[in-house]
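After the structure tokens below, expect a handful of questions from me.
Just so it is clear, A, B, C and D label the chains in written order, and each chain counts residues from 1 on its own.
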């Protein structure tokens, strides 16, 4: 699982595609906006944002689209970073909220200084001043993933849900989705335990191995809705040499992909971080330079957190589409970007 | 005096008797509660998580021996972890070279702690709190919180390799424990270290170079923190900047529960090791019993207070020895 | 080895501990070093053993000048010492404590059998009954002292310093020690023997050096030419002006404090005495006799186990120090001014007003600096404390002025009974007399004083009556005739009466 | 940092010595402000000043929470845990029980004071070093809170909370005036009350204080109770700022809680505190934190800077705290001087 090299290899493809699109659009704006893409903290999931920002800056002629990371997963560090970037002249922000509500007071201040902001990859809790939330429909993704696991189990058995940081706004939604999918089998499939806070390497390693060690025979399936537990679970099952327990993970880490290939995992729910970064930057640039505003009655999706949600796309990777899933994601990104303006924005 | 105590009194008097009993009770209860407890894989999982924690406890134990504290155990560990990871991934150092360099960095960190503490004569707590922040700063500065993922296969294999229930990772901690017990019991510097802890003024009057001994204790503590970090990198298979973040409480809990006197001069390698076993059993037991993981945090604090209370009781009963 | 002490001088803030001290210690002799408390004996020893550096003068070994930076250097040069306070590692075994300087090793590893064998060799010289494998923390105070001596012997040093070695060991252990001292002397070693006890010094030493107030009173006099009278007068100096205390009317009819066979947690069995209004009751005894412990029990810093304590006639029990001060108007000036008497970093004004903060605070508990100054300034003037300003931190004052501040503190608290422990230790002569007059004066204002001191002349100058304590028991009460010779002989008589009586009791009393 | 010459010259009273240290601190702060403003004009923008004032307020109160215990020569590692317990309690009381804000806040402060009292009581009763007791109680309190609250954030708090957090008086946050108010109260405590003097005396020389009739045990317990209440108020200030009661509050308080008082001149060995010093210390830390971010140094190197500053401050404390004693003992006195060793 070498995140750095993967980054390089995977950059080649989108660069090429983006260059084509940029030419097609032919409407490079020479805008002097400075846009910041800010995750909740250091985490491999957000790595593609850096490249997405560079591509968007090139394709849409934006002065700067920078990827700035707080040193730890702490809301006050993220808030401090945002406040400091405002001081440094950044005038548009794509933020993964460290806390769904905690972020709103910062966003309020940004909009008071008429600085637009978007919630990317994770939503802020309504009422919020973010223009809209553009990310994976985590609820839907977890639901589809659990359905895929139930299918792999043949419709019955006991499953354990490996979830991310409790402080992450999406975790609660994912836990509800897993419960809903399991309840639809009215008793055939039961959720034995939600193990939370496993989105850090050491905690994941310790908890997942302890779980498998202690309850290996009583579990039939694992649904992981966080990046790191998916990787650790794939490694542990391979180490155990156990193909009985089915695993459906999330994200497309090489170890998880290899586990699917070798039969230790049934599949994984891919998300579209690159698209979130790329389209996010594109929209923020339009909002910051005032050329467009968000349509009030745009076709947003309603979720438990917010009424203005746009899905950045998700799909199940299994043996069938393991080789081609990247192109499918690319198609999704280009479709969203191309149709975004007339679907969601009113522009001068 | 001690010579007329019966064997039973002698057994109860020493530190690790209570721990041994607690561990036995724990094992029996958990084995009966779930058959999976004694399976090969679960024993392997427990032993694996035992290794790193034990060396971290030894690192703190050495500074407690001279009556000092080392708050930079975790931060130094994190720094050594990314240093070793970086050396192996970025500069392609062979594993033994990277490991030795890592240990050297750990020792150097400990040496800095020792020299600063002795030179300023200030309580080790504040100095190591400051150096802890400095080490973390260097760590984050270099890595920007991005781990080093692809480490040499052999090194990672060592982390996950096992012989039935015995992880390869167990070898270094066992060797370190034996070496430490021997060092403290039979070598001159080891005894001097305990002497300085027991009665610093008396040690100085007896010609023991007190400052040098304190610096030695901190240096060894840093070295062990480095060793623990290298094991953690092997275990996780990647050099995470966050290694060591949650070591502080554990590094104090085990030696104290193992009867270490806070004023220095009295530590027990065996009791500390047993204390770590007890803590690991509790943690594993709780996952088994599907208990909320936050109870571990709560129980650790309770165990420390219980151990401290027990020590006070034993000291008062023995006539304020 | 010949050790020459040449022109040694040492200063502490406000007091010269040693001034131009010169004498020689010759091989093959027992050299006694005597002097009153605070004469500079232990400071000199700390310089010889490398713990302190001299401000002036130098040490020479066989004529060559030496400079000791730490005890290690002194030990290397062949000088070892048994200090007054305990210097053993509690959790190490007796054998290991004895051989701690250079434990015998076999190929790099400590050979414990050899350690215990060697230790056994030195221990048998004094007391074969101690097992080398028991941990020191399980030993009695007397046994610890023996282990300390054995440790010094194990260094095979050429010069062995023994600081009050017989303070807490019994008669027959002392005799065994003296036999060893004689044997070492015959082997050509030099033994420096520091002691208060005249007859011990007369019995075993060849030559004696006497220090008085940091200066040489007698340097290396052969014992044959010195008799008891000469030593005592050298120690206290004939011409010292015995402060003529003004007439003090002691109201013997009114008893302010009475103890009836008190027993304390420190080991006193049954202490009975009476303190009258305006009286200075002396409590004399040697180091370790239990006087400070008695004071601590009386003020509630220790526990009175049984017996009766009456203040102004009523039976009282004192749970803690604050109650002793506030409710019973009982104060205590500790012997260790720095550690237990004053708060060095705080200004004079707070140190004096400390025990009355609650009283002078307003309803809301507020005190301004002015309130403290109102309490402190009159007393600083009355007691003539020399200080640039009342804001001055007490740590910067001389020993004498610090003691005045302590006394001012208790006067501010309006105590009726004041226990003073070693009032003039480490204080220069001029201020010493001033403090004696001060103590006299406060008794005239109605304060009754229990004076603890091991400074014979001070006791005879100040006390109206003198209780003699030895080994945690009162062995005699003497009316003070203020004539030095007869009084000191009578006091020493009671000391030894106590010592003999104590022999049998010593092993059990507080072992 | 002008090293005060007072310990050498005897004449000057200590008052001036204390001020010289504060003046030194103030000069350094001004220098940094000039530096950062020249590098990034936005540094003195109303937006940044407001943000600075808010985080400064919290840092000051965290510094006070440790300062109060440092006065007794002890330490309190549980301020983070006590803070988060008060935060979650206030969240529970407001969101689940629906109590009015002032009542919930008061009860949360009471809880903080009680937990502080618990620390003090156990320390005095057991006689064990305050480091170990508060280390253990830190994990006890945190564990207890996490168990009860399942680490769920209370984010449906009444809107007035977040509104107050965003309120502006001029370009400063009202939270700063709350912090300065607490500072004024502490100045009165330590300079003008008997209790304050007793706490300082208990810290400077507990044995001498005891023998002078100061109830040292009581003073230590009260100091820890105060420390708990201050930790709770720091936590509640963060609730106002974030508009939510989150379980992750307080985990990184340990270093700043020592930096502010020690930089400001509070002695580690106990016996002397400087309230104004702690405020200036906190201002220096906040200025550096914000300045480094603005200078694109990136907050990754921030930890290194804070560590080095604490080391430097501790060195200076070393000379300020040591008294003439050092020279009177002839050779360098034993290393572990009045410093409260473990």
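We adopt the following convention: contacts are C-beta pairs under 8 Å (C-beta built on N, C-alpha and C of every residue); 3 or more make two chains touch, one makes a residue touch a chain.
Computed from a predicted model, the values in this text were never measured in an experiment.
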item	value
If a chain touches subunit A and subunit B alike, it appears here	D
More contacts between chains, C-D or B-D	B-D
Farthest chain relative to subunit D (centres taken as mean CA coordinates)	C
Separation of mean Cα positions, subunit C and subunit A [Å, integer]	77
Subunit B and subunit D: spacing of chain centres that average the CA atoms, whole Å	30
Euclidean distance of C-alpha centroids - subunit C vs subunit D, Å	43
Approximate Å spacing (C-alpha centroids) for the pair subunit A, subunit D	39
Of all residues in subunit C, the ones touching two or more other chains	51
Residue list for subunit D, restricted to those that touch at least two other chains	150-151, 300, 302-303
Residue list for subunit A, restricted to those that touch at least two other chains	71-72, 197
Category of the chain touch graph - line, ring, star, complete, other	other
Chains touching one another, given as label pairs in label order	A-B, A-D, B-C, B-D, C-D
Partner subunit C, residues of subunit D touching it in the complex	10-11, 13-15, 188, 191-195, 197-198, 200-201, 204-205, 207-215, 267, 271-272, 321, 323-325, 327-331
In the complex, subunit A residues that touch subunit D	70-77, 79-81, 83-84, 86-89, 99-102, 104-105, 108-109, 113, 125, 166-167, 196-197
Subunit D residues within the subunit B interface of the complex	75, 122, 126-129, 131-133, 135-144, 146-147, 150-151, 254-255, 258, 262, 268, 298, 300-308, 310-311, 314-315, 317-318, 334-337, 339-342
Contact set on subunit A toward subunit B in their complex	1-5, 41-42, 69, 71-72, 192-193, 197, 200-202, 205-207, 209-218, 235, 239-240
Contact set on subunit B toward subunit A in their complex	34, 36-37, 39, 41-42, 44-46, 48-49, 140, 144-147, 149-150, 160, 232, 235-238, 240-243, 245-246, 283-284, 287-288, 290, 293
